[in-house]
Each structure stands twice: as C-alpha cells, then as structure tokens.
Amino acid sequence: MAQQNVYDRLKELGIELPSVSAPAAAYVMSAQTGNTIYLSGHIAKKDGTVWVGKLGATLTTEEGRVAAHSIAIDLLATLHAHVGDLNRVTRIVKVMSLVNSTPDFIEQHLVTNGASQLLADVFGERGKHARSAFGVAQIPLGACVEIEMNVEVDG
Amino acid sequence: MAQQNVYDRLKELGIELPSVSAPAAAYVMSAQTGNTIYLSGHIAKKDGTVWVGKLGATLTTEEGRVAAHSIAIDLLATLHAHVGDLNRVTRIVKVMSLVNSTPDFIEQHLVTNGASQLLADVFGERGKHARSAFGVAQIPLGACVEIEMNVEVDG
Amino acid sequence: MAQQNVYDRLKELGIELPSVSAPAAAYVMSAQTGNTIYLSGHIAKKDGTVWVGKLGATLTTEEGRVAAHSIAIDLLATLHAHVGDLNRVTRIVKVMSLVNSTPDFIEQHLVTNGASQLLADVFGERGKHARSAFGVAQIPLGACVEIEMNVEVDG
C-alpha cells in the first residue's frame, strides 16, 4: 500500500479534499524549510464553521475522534495545496494534537486516534508518525480540537 | 521589503533589542541543527520582570497582544545573539504560542497576532510563518504568554 | 565529558534503560527525517504503570521533578532502540514538557528540570537543548507529566 497513488487511496476511502482555509492573521497555513513542511494548527470544523466544544463537558470522546478525523482531512487539503502532489510525501513525521479538555478528561489519545488512523489509512508506512496529544484549557474560537503536523517531502 | 536590512527595519519600527535573558536551568535559549535554530519558550516580561496574568481573568485581549508583541522582540534578541546577523534569517518557519487562559477565554489567536504581526513587519515575506496558538492552564512563574519558534538561516 | 561513551556515563549515573513502551494507536514512538529524530510524547510512569496526578493538587513539585527525570530515561530508551547506539547523538535539540497543572501551579520549569538535568548529565555539551515547559489541563490517562523531544544524530 505504501506506494499506492494517494489520490486513488483517498477515493477508495471516500474522502474528498475540502477547500483550504485561510489564516486569520499575519501567518500562513504552511511553511517549508528544506524537505520539511510545517502545517499550522488547524481547528475542528463542522458544516463549514468552527466546531465548538469541550471534551469532558459538552462533547463525547467519540465526537472528539470524529473532529480529529475531519481535521486530518483539512490538513491533507492544506498539504495538497502546498506540494501540488501528495504522492511527493515521503513521511508524516510528527503530529501535535490539542484537545479542549476539562481538568478531568483523560482520553486525549482516543480523540487523537481519529487523525492518526486516517493518516495511516491514507499513507500506509509513510503515514506512521511520532505524536503528542494533551488537554488544553482552550482553543481559538472555542474549537474542540486543534492539530498541527510536520511532513517530509521528496527533494 | 524582503531584502531590506533587518536592523534598519527595526530602527524604522522603533524597536530596540533588549539584552538576552538567561535560562533558569540546564537548558539553553537556542539550539541549532543544520540550518534550523530552535528558540526556547520565552515568557512575557514587563519592566524587566515576569508579566503575570491570565487571559479571561486578569488581563484583556489587548494586553495579551502587547505581551505577545514584546515576547517577539525578546525572541529576536535571542536570535540575534545566536546568529550574529539577523540578515542571515531566510525564514521564520514556525511559531507556537501558549496563552495562559481561563477555560472560557477563546481569543488566543488575537493575542498571538501581536507576535505574528511584528515578525511580518520586520522580515516581510521571510517572516510569514506557520503557527499554533492555544490556551494553557498555566505558564512558569505565572506569565501570561509564552512563545517559542524555529527559524531557518542561510548555510 | 562531551566525548565520553554514553553507556559508560549511564552506568556511572546508575541508570538502567527500561524496555521500550509501545504506542497505543496508529503512530510510532519515534520518527526520523534527515538527521533529526522526533520522539513522541512519553507519559510519566511509576512501577510500570501510568503515574497519575496533577501538580498543584495531588503531587508536589519535587514529585513532578522525579516524574520528569524518569520520563527522560524512558525517552533515552526509545532513542536507543531507534538509533542502536546513543553515541551517535550529536545534539539533544528541543524538549517540550507538558505538566498536568491546576490553574494556579506555576513551577512547571522546576518540574521540567528533572528531565533537563538528566540530559545534561548524560550528554554534557551535546545535551544542552532548547525547551518549552507549560501547564496543561490534562494528559492522556491522567499522567502527571508528558515530554517529547527531537534529537540530532550523525549522518
């Protein structure tokens, strides 16, 4: 699977890349240095608007997992816009997942699996990334999850 | 503007680089690997001491924005001390901004704009960075904002 | 000290590397791009199970420092498993330390020193890293501390 065309794989998984969101200030959604692309933190959206909520209070772990899955698709859309061809991705290197959490919610890893699993499903071996997941006090606009990642592409 | 001398630009903006703060333990304020310099998380200061406060409780968004702006200047001072010549910076790659927040404060992006805008003002195109901003439960010494970044310099 | 054999140094310090923990989902404990290895966030453990607790509520700063020290050893175990020979490490580049904190606990830097000091003790000059430390609302499984890092190895 590692060498399968990424766009064929996305089609098999029933995933359509959305349009790319624009940054809200003097920054960009992705920046490259050498072969590494850094993607800005992307916040969860539902039906085109911010997916507001806090795990442990207003959202279930399963809803959080779905939110993380949808962010991973948004990240792929940004990555596609940056590199032009997702087949140039040689490694998803590192994922950082911020889960809007009450002081008692302890399933940030299960929430984040929604993104990690999607990346593995799409990229196979190349999708196996290091990651950190943890609970934060809040996220811009009240979003329930925010995820950033950095990615290696071919020269 | 991208090619303007950085120190001339700082003078135009009325910015004077402060002296560099020292790390409080067995770490350093910057570390380089290849062409990438990682700057440690810098905490907000006011009149030379830690700027204590929590957004959503004791500080306004505008005060937080000013704090983020002042941290960006401190980061440039550390970067200058590391590279010797800020004109060697080819890209501000990635910014991570931690905002000391109550569970209800949701304007971390507006706070962080204080830093992002300064970096764009100083470096132009080279200053356009990827970033993540989010609310944290606390920051060392009770500081209101903490920002780290990594930067690409020429070979 | 910088050139001392790392395993001799570990023995001098009385440190035995534990067995490596496995990731709980579709990610890996370490991923390499170029000469940089990214280690996933490792959570604190005590007697083989998750070290649950929150600084400012159920754990003291000193207990947190011990937890961070033990995570640093776990990170070295993962790094050893990845590179085969810790003498190949040329620089501990960047550490990010997440401390499970109440909204009032402000000694995340003292907690994190437990990890920073260990890295300096083991690697000398090569162990001097950039770092960020801050308080988070929660950590997966309720762990008291989580630490990730990235490391430069020789070509």
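Which chain is which? They are A, B and C, in the order written, and residues in each are numbered from 1.
Rule of thumb we're sticking to: a residue touches a chain if its C-beta (ideal position, glycine included) is under 8 Å from a C-beta of that chain, and two chains touch if they have at least 3 such contacts.
As the structure is a prediction and not an experimental result, all values here were calculated from the model.
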item: Equivalent interface positions on chain A and chain C, same or different at half; value: different
item: Copy-to-copy rotation for chain A and chain B - C-alpha atoms, rounded to a multiple of 5°; value: 120
item: Chain A and chain C, separation of their C-alpha mean positions in angstrom; value: 25
item: Set of chain C residues in contact with two or more other chains; value: 34, 102-103, 136-137
item: Complex interface listing, chain A residues touching chain B; value: 24-31, 33-34, 38-41, 54, 96, 98, 102-103, 136-142, 146, 148, 150
item: Chain C contact footprint on chain A (complex, rising order); value: 34-36, 91-95, 101-109, 112-113, 116-117, 119-120, 127-137, 152
